[in-house]
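Both complexes shown next keep subunit A, but they swap its partner, so subunit B is in the first and subunit C is in the second.
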Partner chain A sequence: MATIKLDALKKSFGKVDVIHGVDIDIKDGEFIVIVGPSGCGKSTMLRMVAGLETVTSGEVQINGVGVNDKEPMDRNIAMVFQNYALYPHMSVFDNMAYGLKIAKTPKEEIAERVQAAAKLLQLEEYLERKPRELSGGQRQRVAMGRAIVRKPDVFLFDEPLSNLDAKLRVQMRLEIKQLQKSLGVTALYVTHDQVEAMTLADRMIVMNGGVADQIGAPLEVYKNPKTAFVAGFIGSPATNFLTATDLAGVVEVGDGTLGIRPEHLQLCPAGEGSLNVDVLYTEALGAETLIHAKLANGAPITVRQDGQMELPESGANLDVRWQADAVMLFDKNGQRVANA
Partner chain B sequence: MSGMVEKRGAGYWLTHVGLIIGVLIIFFPIWLAFVASTVTQPEIVHPPMPLWPGDQFFNNYRSALVSGINAPVARMLANSMVMALGIALGKILISILSAFAIVYFRFPGRKVFFWLIFLTLMLPVEVRIVPTYEVVAGFGMLNSYSGLIFPLIASATATFLFRQFFMTVPDELAEAARVDGARPMRFFWDILLPMSRTNIAALFVILFIYGWNQYLWPLLITTDPDMNTIVMGIKQMFPSGDDIADWPVIMATSILAMVPPIIVVISMQKLFIRGLVDSEK
Partner chain C sequence: MEKRVTFKGWMLPLCLLAPQVIITAVFFFYPAGQAVWQSMFIPDPFGLKSQFVGFGNFEFLLSDRYYRAAFATTAIFSGLVTVVSMGLALYLAVLADRLIKGSGVYRTLLIWPYAVAPAVAGVLWLFMFNTRVGVVAWYLGLLGYDWNHVLNEAEAMGLVVAASSWGRVSYNFLFFLAGLQAIPKSVIEAAAIDGARFWTRFRTIVFPLLSPTTFFLLVVNIVYAFFETFGVIHTITSGGPQQATTILVYKVFADGFVGQDLGSSAAQSVILLIVVGAMTIIQFKFVERRVHY
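Moving on to the complex of A and B:
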């Protein structure tokens, strides 16, 4: 049970600034996902909250208390690592119990808490096994169990699902969400996978080059991206960005860009829409179809349509059209501007 | 192992015959030494020397173990055991701790210390033997176990081996332990040490034999026959001048000198090979 506050948090490695000042107030029990491409500083930020990296300037507060100078163990946090970081020579039970043993918890209580966590995670029959005798999903669960038994204030997840196969990832995603909700523990979760971010987050932080471009609820971020980077990163397939030359006077964008999501575009017979395109190829995914086309000047554009609809021929000359309110305008620095 | 050799023709048998002959050639001197340790002195010195064991096995070995020539062989075996164990365990202890310091801590002069350790690789015992003798004599450690053990304990090789192993241990493991509340030495005891046990076993075998086979250093600093180690003691048993050598007892001593290393190698074979081949991660 904890609130977290990051106050103008900055981090530099030597002369290289990795995080340029991030501010956020995290409410008790909130699930926050930090998402961004590799190298954007998201893991560094998590490690600063954990106490594994020092803070260059600014402050990390947990429950209103500055913890910049506290060791990880004194912050009452638990962390799940990408490669799980299980102790290879210890049984599952000992792995989960290690933190409690160091904290000199009485033996009966350790056994009780480990059993309870094992039950929650369906690990009861594996308690005597070594990590190498477990599957990837089971190791992931042990890593979660190790976090749970300590009853921490905060869960920190560093890309915990990226070593799992696709199916298991979906399953574990749901389990993590359920677990966090039922335990009511504040969670910080780092990922580069926007689907994980969209599905897990109460609020998400979209990081771009050490800056938090946008902080908000997933749907809010999707509907209302504040920057071109966010518009391009969140949503799949990625937003189409068109410049003045691509648009050829259809919409006035000056030196900025116009962003339009593929799902907001429709194909129509030539002459009936706003822009003329040549269809290059189509990807029929069943439920949906992605149509890759190019404009008259060669710029690529993607259209997403329902899988039930008719497939256009490759090479067909068609128009695209859109609703005026689906358009997102960005200035030349990528900042969102109000629709004209 | 079936399937590794597909053809089981004449070539298969020929290679085996070749190998058996090779083993016999290598084993023959040891066999001769064993035969010599079971016969009487006149039987050895009158050619041809017998090729099959005689009936003096118990007599010769008893006289070697109990009285020996300069000192009882049992005493020399004990000295060698203390020295070999001291060197092996001391080397492991010192090198695992220095590797831990070098890999896991950022301290001023870390690189300098690393290179200093590296430099000692170029200074085997024989090269630094005179100054080392000076120092040991100055500390009054001649004819003592500490004099036999301490100068040989520092080991760059073992430090490197542990350093290489520690560097393959994922950083997240140390971080997870830190989050779990383990201080550095706790991490070392609870996690690093158990993970290194196959490496430790492999090193123990190598270093035990290294310590057991030391010749020059004990020869130099043990003047008291009661402090002789067995490997150098064999040489001390050779007669000077016109004395008659007691070959059966000397040969019995040689055979006895081989027994402890063989026991160590055989009993730790499994761990030893695992330690060299894979490291448990």
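Moving on to the complex of A and C:
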């Protein structure tokens, strides 16, 4: 149970600034996802909260107390690493019990807590095994178990699902969410996968080149992106961005851009829509279909439609149209501006 | 998974094996066989005739108290050399592992002593500790300590152990450092988050994960202390004073080439061969099983 506050948090490696001042107040029991492309500083930020990286300026507070100068072991946190970081020479039981043993917890209590965690994570049969005898998903669970048994104030996750296959990832994603809710622990979760961010987060921090472009609830971020970067990063397939030359006067954007999500575009016969396109190829995914097309000046545009609808032929000349309120306008620096 | 290579004929595998087999035969099996053969004879001092005595040489050796003393000396000497050289190397490697800037230079400098031949190293240490002109001995004298390894048995042992370990630290350091750097950083970080401070982490995570390296070095260093330290001992103490630094391999030389008792010398070689062979087998059988995780 804990609140976390990041106050103008900055990090530089030598002369290179990787985080340019991030502020956020995290409520008790909140699940915060830090999402962004690789190299945006999201892992560095998590590691600063963990105490594995020093803070260049600003402050990390846990429960209202500054922890900048505290060692990782004095912060009452637990972390799940991307490669799980299990102790290869210890059994599953010993892996989970390690932190408790160091804290000199009585033996019976260690056994009890490890058993409880193992039961929760369906690891009971594997307690005597070594990490190398486990599958990826099981290792992932052990790493979770190691975090749970210590009953920390804060859970930190550093891309914990990126080494799993797609199916397992969906399953573990749900399990992590359920676990966090049932334990009521504050969680900070780093990922580059926007689907994970959307599904897990109470609020998410979208990082772009060391700056928190937007902090907000997933749907809020999706509906109302503050920058072109956020609009492009959140949502799949990615938002179409059209410039003045692409639009040829249909909408006035000046030197900025117009963003429109593929799901907000509809195809219609030539002459009935706003922009004329040539269909290049289609990707029928069953439930939905992605249509990749190009505008008159060759700029690419993607349309997403329901899988039930008729597939356009490759090479067909069609129009696209959209609802006026689906349009997102950005200035030349990528900042959102109000729709005219 | 099948890792063995299968060959169709006999020619290719034979050719591939030949160089190793020939080298082993010429430089190991042949001389070892000769030693076994010679160990059953007592030749006269001029090598004109020799008398067959069966296991007589061995019987004499095993009842000889000087020979048994050499066994004890070897055990102490090789134990000390192994512990000192490995302990120091591990300590330096742990420090170097935490080094970020200048680690390349540091590493290179630490490797230099390994390039010095044991006999040369022996002479260097001899000069430093020479009772009349040695720098270290002189300073020790200023401090009121009368260094004299020529007369003092413990000092003589200390000196040959130091000289033998010195070059060896470099070698061990290299392996320990490589072993340390092979440990994933996140495992160490996980332990730190789990509450383990430096020493606890070292004891419970780093050292166990380093055990394959440690085991390998243990075997190699004991073999080194048994055989390759000959040059150091010969140059510094010649096995003295009072045979205090006469290890088994030195006694082979002293009895055979100085004492001209070639039969006994050969018998000692055979015993040494058996001892080291047995020790290596025991180490692999019993220790190696425990170091794999």
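By definition in this document, the second predicted complex is superposed on the first by the 340 of 340 C-alpha atoms of A that agree within 3 Å, B and C clash if a C-alpha of one lies under 4 Å from a C-alpha of the other, contacts with A are read in each partner's own complex, and residues count from 1 in each chain.
Just so we're on the same page, contacts are C-beta pairs under 8 Å (C-beta built on N, C-alpha and C of every residue); 3 or more make two chains touch, one makes a residue touch a chain.
Being a predicted model, the structure only gives us computed values, none of them experimental.
*Asks:* Putting subunit B and subunit C on the same copy of subunit A, do they fit or clash?
*Replies:* Clash.
*Asks:* After the superposition on A, what does A:Ile102 contact: first (subunit B), second (subunit C), both or neither?
*Replies:* both
*Asks:* Have a look at where A:Gly58 lands relative to subunit B and subunit C in the superposition and call it first, second, both or neither.
*Replies:* neither
*Asks:* For A:Pro72 in the superposed arrangement: first (subunit B), second (subunit C), both or neither?
*Replies:* So A:Pro72 meets both subunit B and subunit C here.
*Asks:* Just checking: does A:Ala50 make contact with subunit B only, subunit C only, both, or neither of them? Give me first, second, both or neither.
*Replies:* both
*Asks:* Tell me which partner A:Ala85 touches in the superposition: subunit B (first), subunit C (second), both or neither.
*Replies:* both
*Asks:* Indicate the residue numbers of subunit A shared between its subunit B interface and its subunit C interface, in ascending order.
*Replies:* Subunit A residues touching both partners: 50, 52, 71-73, 77-79, 81-83, 85-89, 98-99, 102-103, 146, 150.
*Asks:* Show me the residue ranges of subunit A that touch subunit C in the complex, using the header's touch definition.
*Replies:* Spelled out, the residues of subunit A in touch with subunit C are 50-52, 71-73, 77-79, 81-83, 85-89, 98-99, 102-103, 130, 132, 146, 150.
*Asks:* Which residues of subunit A touch subunit B once you look at their complex with the stated criterion?
*Replies:* 50, 52, 71-73, 77-79, 81-83, 85-89, 98-99, 102-103, 146, 150
*Asks:* Given the complex with subunit A, which residues does subunit B contribute to the contact?
*Replies:* 170, 172-173, 175-182, 186, 190-191, 194-195, 280-281
*Asks:* Once bound in the complex, which stretches of subunit C touch subunit A?
*Replies:* Checking each residue of subunit C against subunit A gives 184, 186-187, 189-197, 200, 204-205, 208-209, 293.
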